[in-house]
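By letter and in written order, the chains are A, B and C; residue numbering begins at 1 in each of them.
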Amino acid sequence: MSILNGLDEASRASLGLEMHGFAANLFPICRSITGNGIRQTLGHIKAQISLNTFDVPSGKRVFDWTVPKEWNIRDAYIADPAGKRVVDFQKCNLHVLNYSVPVNEKMLLSKLKGHLFTIPEHPDWIPYRTSYYKEDWGFCLTHHQMTQLKDGEYGVRIDSTLQDGFLTYGECFLAGRTREEILISCHACHPSLANDNLSGVTVATFLAKHLAGRDLRYSYRFLFIPGTIGAITWLARNREAVERIRHGLVLTCIGDAGGFHYKKSRRGNAEIDRAAAHVLRHCGEEAKILEFSPYGYDERQYCSPGFNLPVGCLMRSVWGTFPEYHTSADNLEFIRPLKLADSLRVCAAILDVLENNRCYRNELPYGEPQLGRRGLYGGEAGGEEIMARLWVLNLSDGHHTLLDIAEQSGIVFSRICAAAELLCEKGLLSVASDDQLKSTV
Amino acid sequence: MSILNGLDEASRASLGLEMHGFAANLFPICRSITGNGIRQTLGHIKAQISLNTFDVPSGKRVFDWTVPKEWNIRDAYIADPAGKRVVDFQKCNLHVLNYSVPVNEKMLLSKLKGHLFTIPEHPDWIPYRTSYYKEDWGFCLTHHQMTQLKDGEYGVRIDSTLQDGFLTYGECFLAGRTREEILISCHACHPSLANDNLSGVTVATFLAKHLAGRDLRYSYRFLFIPGTIGAITWLARNREAVERIRHGLVLTCIGDAGGFHYKKSRRGNAEIDRAAAHVLRHCGEEAKILEFSPYGYDERQYCSPGFNLPVGCLMRSVWGTFPEYHTSADNLEFIRPLKLADSLRVCAAILDVLENNRCYRNELPYGEPQLGRRGLYGGEAGGEEIMARLWVLNLSDGHHTLLDIAEQSGIVFSRICAAAELLCEKGLLSVASDDQLKSTV
Amino acid sequence: MSILNGLDEASRASLGLEMHGFAANLFPICRSITGNGIRQTLGHIKAQISLNTFDVPSGKRVFDWTVPKEWNIRDAYIADPAGKRVVDFQKCNLHVLNYSVPVNEKMLLSKLKGHLFTIPEHPDWIPYRTSYYKEDWGFCLTHHQMTQLKDGEYGVRIDSTLQDGFLTYGECFLAGRTREEILISCHACHPSLANDNLSGVTVATFLAKHLAGRDLRYSYRFLFIPGTIGAITWLARNREAVERIRHGLVLTCIGDAGGFHYKKSRRGNAEIDRAAAHVLRHCGEEAKILEFSPYGYDERQYCSPGFNLPVGCLMRSVWGTFPEYHTSADNLEFIRPLKLADSLRVCAAILDVLENNRCYRNELPYGEPQLGRRGLYGGEAGGEEIMARLWVLNLSDGHHTLLDIAEQSGIVFSRICAAAELLCEKGLLSVASDDQLKSTV
């Protein structure tokens, strides 16, 4: 069984365009950690995959946190003394400080300036700012816009509501042969920002779509959640599911032109960490492995010491390190169709390792079996194919997984896995671990 | 006790010439994995050391393999249309595909060409080819010879026999103070190829000759066997001896001018692996340590998962990496007298480590003993000699072997060992482990 | 609690001068491993800190050693044929071979020369030489002095005594909250040599002075002892105190302008080794970590296998590696006030790590606690301050010490420690280990 099956090179271009189109549809929506924006986004996802949505009421305690009031916004603008909209939420939802409380006032520019945010070093870009947990209001604008504001009295209007409601998140569950779960989590709370994190939402959605209906060893749980509070809420409400998580990935900033970065789980040598490192070593793109740190996205919550889940974070460019991060320049041009498709392929390759990684036992462990008379030693097979067979036979002592063998031999996992399957067919190898059976539903 | 004793620098040149002369006597013999050639070779070895030979009949099952029919050859040639021998086994036994079935035919060049092997990039060299486990026939010739063949009808004659007989191998056993064994194995099945593996046969023979009659901690078993099938046959027939193997070395390609290569055992950190790495680090020649891989020579069989013996492989140039490999250019000029002698010295140094490596206990472990009043701290002794004493005293807590101490201190084992012996004499040190006694005969 | 408190940057210059002045007072004294010189030195130290002195009689067996006779000297000189003192102990106490037996003779230059020591490569420097355990006499002089000696009869006078007496050492004990001890040891037996080891004596004295009266977790024992025989004598007489040593430092050659060197304890990964490495990594000066070796100063005795104490050695330039070592050029100019002060600060920083290093437990380990509402997440706090809190929360699972966290995060221990204290105040963290209570007096 290969999850990569169907994600072949030929379909890369069309798949990338389809993924990019999906992200483009989500792009204009004004999302936040609560409210209609994220619900509308989940609706789009639900059109692609089987998705359950959950509404958690404002005020609900989740560990040390409280589900906040629900925020919605219809309109927002700054009007100049002549009444002309000089900063307009309708043109770009980044213009409003996310979670701004309602405002409807006239004020002098000098006072207004205390609520304005720009990026002087990138005078054409609008910054993205939030104030979730402290009631405030503000506008984000380009530095050019700001410098053109003349003294005078401005009309300031934010037509938002911040009141009791719900935190909404989506979950897609795919049952596998065992109840052991792989968690794929992405934050879906940022407004018109493409790489952070429509890229993650898109890759997760297409991954779920690709896995649906396949015969899977693991069960899969895809989470589309608001950052931080969403992960904490989900963890607080799903203690039993948490127990079943064997591996996990947070997907974020995964559509841009940069090389891959995988940030290890807190454990540092979990199977997901080794699987991701192996796949990235062989992925044909630049790739770096980062040590765990308690900062970043929702791996912070999954890897808090009470849970310490084996969850890493797969990215291309790392949040905070590229200038477009959290600005209007993180737009649909910043993410690339082919990069989205290749990110999907890399995710699938990582899952392929997890799905197929197990220990085997060489049935003829004394000396080498005579491969020649079984047609397994022919020159036609090519050197690495034979080496893969010899490595699998040599290390299949019930203690080495196929991933161990791939790492030790330097041969890509898929080839090691194919060798193991062929040797099983020929009766030279058998599965040593019955882990598949132990936790079957 | 030092095995190196007698292999001193002064005798290097004459020893090398003696070893090269031994190899030169064996060179012309047409060996194969069975037949008179290997028996004749074992006869030459028997003239040097105490050797038992064993005949295992064709058809005998050995693990997954079957002892093949015995092959012998008297003559082989290709005669041109005028009847002139243009390829002649009498001139070089590499000319015939090893294990060729008998042929006596006339055929057109076009048909004959399907049975000819050359090396176009080295047009003056004859390749070495075999077909042990698939009945076939063929000739190996220089590319120049091939290009000079004109169209026409050729006489093709291989006067060989392939019939039930025996697989023959030789064993030299030297009893030590314990029944624990060190295995030295070399393949003796290649025809006129010098480095691969008359070099291994020669070094093993002279090593056995040098060890004979000495007071040894370990018992030694030297195997002169056909590659692959010989090792498998020996393993299948000697399960009890296998249990007693504590360390082992496969010797191959060990006479050329290249630096040393030691390929680690499957265990990767066996005492033999550490001893070999230590000796090579201090041997004064270039030396590389290679990780285990399940390809190569008979270490493949000794390190199969059912046995997983601590057997490494000592080489100079690595098989397959030098152009002369498996060609007529691997001749008596390709191996050098001094290199053979130095390979013998390195083997002896490795065995010296194994023979002398044990844990000691400092008898005055509280503070330093006063070396000065025992004449052990004198300036005349030279810095490293005193450092060796201090290191041995400091680390001899019953848990560090002399090899551990040599590695940690960076001081060569022989000097550490000499320090330990002197400290024992002075009553400052005693043997901590009674491993010598435990398994005494 | 910070030991560094009071050793602030501002007072560096005046502290350095005070330390240098202390060393300058000790400089002229003719010390040796026994005798009035070391007693006079201990007297100076006693004026600064609470010091007990111990007298161990000559002839006393201490492990493998014997306390030697006591050596004292009043005068020594070589007088030329005209009666003029050409080498004069009164000008520099290095001129006499330390531990010289009495002499009062006339002899020809040719005979005298067998007792003279110079350094031809540094013709203006007087070497420092000793003959503690072999009765002998001699003079050390500059090479220039030597070359100016003309043939003739010289008067040779050493007015010394070598007779039964005492070996004297000093001990400063500071009781902490627990009986677990930190050992600070320095040799105080060298005559007019500044870096080796008035620097160590000075840093240790000022460290003890600084710690006195503070509320300390550990008890501290400062040893001012003659090298080798002093450490062995102390170890032989204090088996119970030895049992309580948890960490230790030998201080030597710690006042010159070179960068720091820390030589690890025999254990190699003791807490003192990690604490010292951490502090040196962040100390702002060049610093190197050296592996343990059984040569050097009194760590040799503390790290002998019977004790194997976690005692490292902190130096600036390493003994034996700088040309001034054991010569008259190791004088008061060779040690620098600011370097003495910074060495003191580094020692205090290492002790701060040991004093404060323990395991904590995150009280809200499921997801992150909401730092924002506690004022712990504000932008004003600066990035690394927040990161320190996140690291402490994430790794405080009862298994990671603060030093583990400092190492893994790359953040300096003091900041990690401050974060832990703040989080404790806020109720988010508590001490996990009760190691403080276990061994309280």
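For this structure, a couple of remarks:
Following the convention adopted for this analysis, contacts are C-beta pairs under 8 Å (C-beta built on N, C-alpha and C of every residue); 3 or more make two chains touch, one makes a residue touch a chain.
It should be emphasised that the depicted structure is a prediction, and the values quoted were computed from it without experimental measurement.
With contact taken as defined at the outset, subunit A and subunit C are each touched by B. In summary, the pair subunit A and subunit B forms a contact in which the copies contribute largely different residue numbers, shared numbers making up under half of all those used.
Centre-to-centre, using mean CA coordinates, subunit A is 55 Å away from subunit B.
Shared interface positions of subunit B, defined as residues touching 2 or more other chains, are absent.
Remark: subunit A residues 362, 364-370, 372-373, 387, 390-391, 393-397, 409 touch subunit B in the complex. On the side of subunit B, the complex with subunit A involves touching residues 62-65, 133-134, 228, 231-232, 235-236, 266, 293-295, 300-301, 303-308.
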